[in-house]
């Protein structure tokens, strides 16, 4: 299936890094996932003041080791893939790039290493490893249903936006600046906190009229949560589970191709 | 399609202001939306104490510029449309009027300019501009489903109202006035906060019996949220997406007409 | 339709008090609803300390007027109905009784008049007045769907009960008594507050392990809210809207009879 | 139905302890449930400081009585069942064991008796007693629907996990350590509290940018709660209610067998 103009080592490298069908490919992916999880753990631990003070230097060294490993992996991916640019500008290509940049950026900007947490996005690769095909089918079905309901959700969210603008401003007028509702932006924040039924309680109405408007806002929020739920449920009932191939395109490393697909629908490469 | 008894400039003006089919019409709508968003931003910024103190005068001047522009636009709309009264008393006609009145009212009543936030309602015009027909279809479908479930939702909300009256009063009896539950209206406010799962935490039960009743209230709220969701979902599954025409009636500027409609269903004007 | 052995005035009285078909019947029901709403308002106002101090005596007199009126109405209902005992022990019969008792009880027990709030249940009569048949259909459909899902909801709630028992106890073990989690009942109260996504914030985990368990509890609550929603939605989709007759049984004043029913299904009286 | 190689008393014992068809069997189960509820109550009461101080010794004695009774019951179960190991390692076997161990463990480890709360799991036996077959059908249907949606829910939860990792870290960067967001793990805890709409309010954003990100997080949480609900609802609509037999396997005491089953599907014992 691999074209002849590709040397054997590159095709082999490709199988290990991108595919999860062979033993080596699966092993590579599992080690990679553990490394990603580990590096995320390190970033999290470093943010805890007590731990940073005691073991800061050690953590920073481990961080560098992970970053160097991920950099090597990134370079190998560019080499192994046939159309490098297709990979570099694909979703996973960008995520892989973002995962290594912050550590280097930290030389220039203090605190930039916290951006390393975007490595978490790499964890989404997990669906490739464990019974990949099945989970990608499920993920794809979810994505399709959400896509189909996208415009309805957008109409809904826009209406909610107008609603919180008005509710927030009314509350600002009712409660006044001397209380919790110090400005319209803060009041809009309160309206969102209330309408979504989050209810922190950092900003609460103190006047009877304010509490009355809060009551209406809460009942509204309780009732309109039914709308996105209804939209998504109906779309899901319409979407059927789609079986997708476990093949990964050698051209651009994209997944989720149809079972009967012979060529990659993104770059035209033979699968 | 435009009747002969209408002068050319008026029909042209109509196309620009009300329709979004021509280039000028689309441009006008986009500039208008930016102006609306801008004027809302100004009102929001002015409510922030620090910003008002430093740049208050500037903001007030910009506000006036926006209001004058919106006033001119409102007058043009009345001129362009064939049946002025139909536009003036339509939903958008009233919203457009409310958008300009508060600034003038502020001469008489201090604080009235905060009502300008109702301009936010004008943002709903956005669905007209970007692939209008499609979004209006979606919005119409949502509206139809909500309309169909309106009576069931009303029965539900009324039952909830009776429930919070009783739960709130019981809590007032149990916890007593020396605690957070200082009166029945406040206790009803608590019952709504709890039943809708908002849970601010500004009023919480302190006695074991009060916590027990709170437990029951929460479980009830958790279970009955299923009811509006079920109602809306079932109605949505029944409602089919309806394709609507992108045409805007020249008589009363109403939208959402059926694809095959030849005359406006609100004012009888030929479309 | 009314049997001959009933004197005319009694049958007339019945029409006015129980039915909402004639003008007098509708008028009576509307006045009654206003009186109920008014008496609830009085009870609520009296619970507010400031208002009670200033206008306490006046409020108490109005309260007595309402109670006397409701007592007269209750006696008239017993007289008008054919089988008094059937009415007295029906849902509305009990509610009507509970609505008048607390004021008299207040002679013996201070604070008993607060129970007057149970009058709120009388408000449910509202569905009888405005386009009654339709709303009773909707209410009946909701009730049928909830009844059909009753056992599933019970299984769900029982599982949730076992879950909060265990989560609460674990939290008590993890956080310990010196913190917010002072006992297992209080910890169970926290577990319910968290699992139902109410989240007052009066009791929050302070240790990392406690926050970790709270995370799991919240994610669980977020996921399992889908279960009652799913149950109710599926049952609602199965239940069809049932048209019910607007007739009220003269024997026991029950409503919700089928369109084709000739005899009351509760007491056998001819409709 | 019972095989001949089993002595009469053992088969009789089995009927009483495991089955709920005979009068003695039902009586045994009801007494058992009351005892379990009682022992849970004792553990809860003992955790309340005021009660423990006053009646501590009495409670501890009652606790021991319950534990001894449950130990005897556990031993009887092992004797009565045909394949002891099958029972011991079944779900209920493990639960029954966990229910008695903590009291004995308390000799060695202080506080271990709080683990007794796991007895709550035994309450799940309740479905066996009251119209068992029906409730087990409902429970089984729920379980089947949840099982069918398991993979979709997993994909959803994993995506949520990646989301809270990123939202939490961003919030940590925006708000900084001097405020509530003292470390990334704490910020992730906040992200979960917000996304699930629990909203304790123990950690809240203080900067405008932080409140803006909180707004986005809340709207996201409000929208994506529709996803698990949609998944479960669709699966439930697909799953039909399955009638299950009320028979309990004599070999391994498992329930939930099909009506037409002749042999236990777990251990092959004749039913």
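Letters A, B, C and D mark the chains in the order given here, with residues in each chain numbered from 1 onward.
Definition applied: a contact is a pair of C-beta atoms (placed from the backbone, for glycine too) under 8 Å apart; a residue touches a chain by one contact, two chains touch by 3 or more.
Computed from a predicted structure; not experimentally measured.
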Homomeric contact subunit A-subunit D: same or different residue positions, threshold half: different
Chain pair showing more contacts of the two, A-C and A-B: A-B
Repeat of the B-C interface, chosen from A-C, C-D or B-D (over half of contact pairs identical by residue number): C-D
Averaged-CA centre spacing for the pair subunit B and subunit A, given as whole angstrom: 32
Interchain centroid distance [CA atoms averaged], subunit A/subunit C, Å: 45
Residues of subunit D whose C-beta touches two or more other chains: 185, 188, 197-201, 225, 229, 231, 233, 237
Residue numbers on subunit B that touch subunit C, as the complex places them: 151-152, 154-156, 158-159, 161-162, 165-166, 168-169, 172-173, 177, 182-185, 188, 194, 197-201, 204, 208, 211, 214-215, 218-219, 221-223, 225-227, 229-231, 233-234, 237
Subunit C residues touching subunit B - in the complex, by the definition given at the top: 40, 43-44, 47-49, 111, 114-115, 117-118, 120-121, 123-124, 126-127, 134-135, 138-139, 141-142, 145-146, 153, 157, 160, 185-186, 188-189, 192-193, 195-202, 225, 228-229, 231-233, 235-237
Touching residues on subunit D, where the partner in the complex is subunit B: 197-201, 229, 233
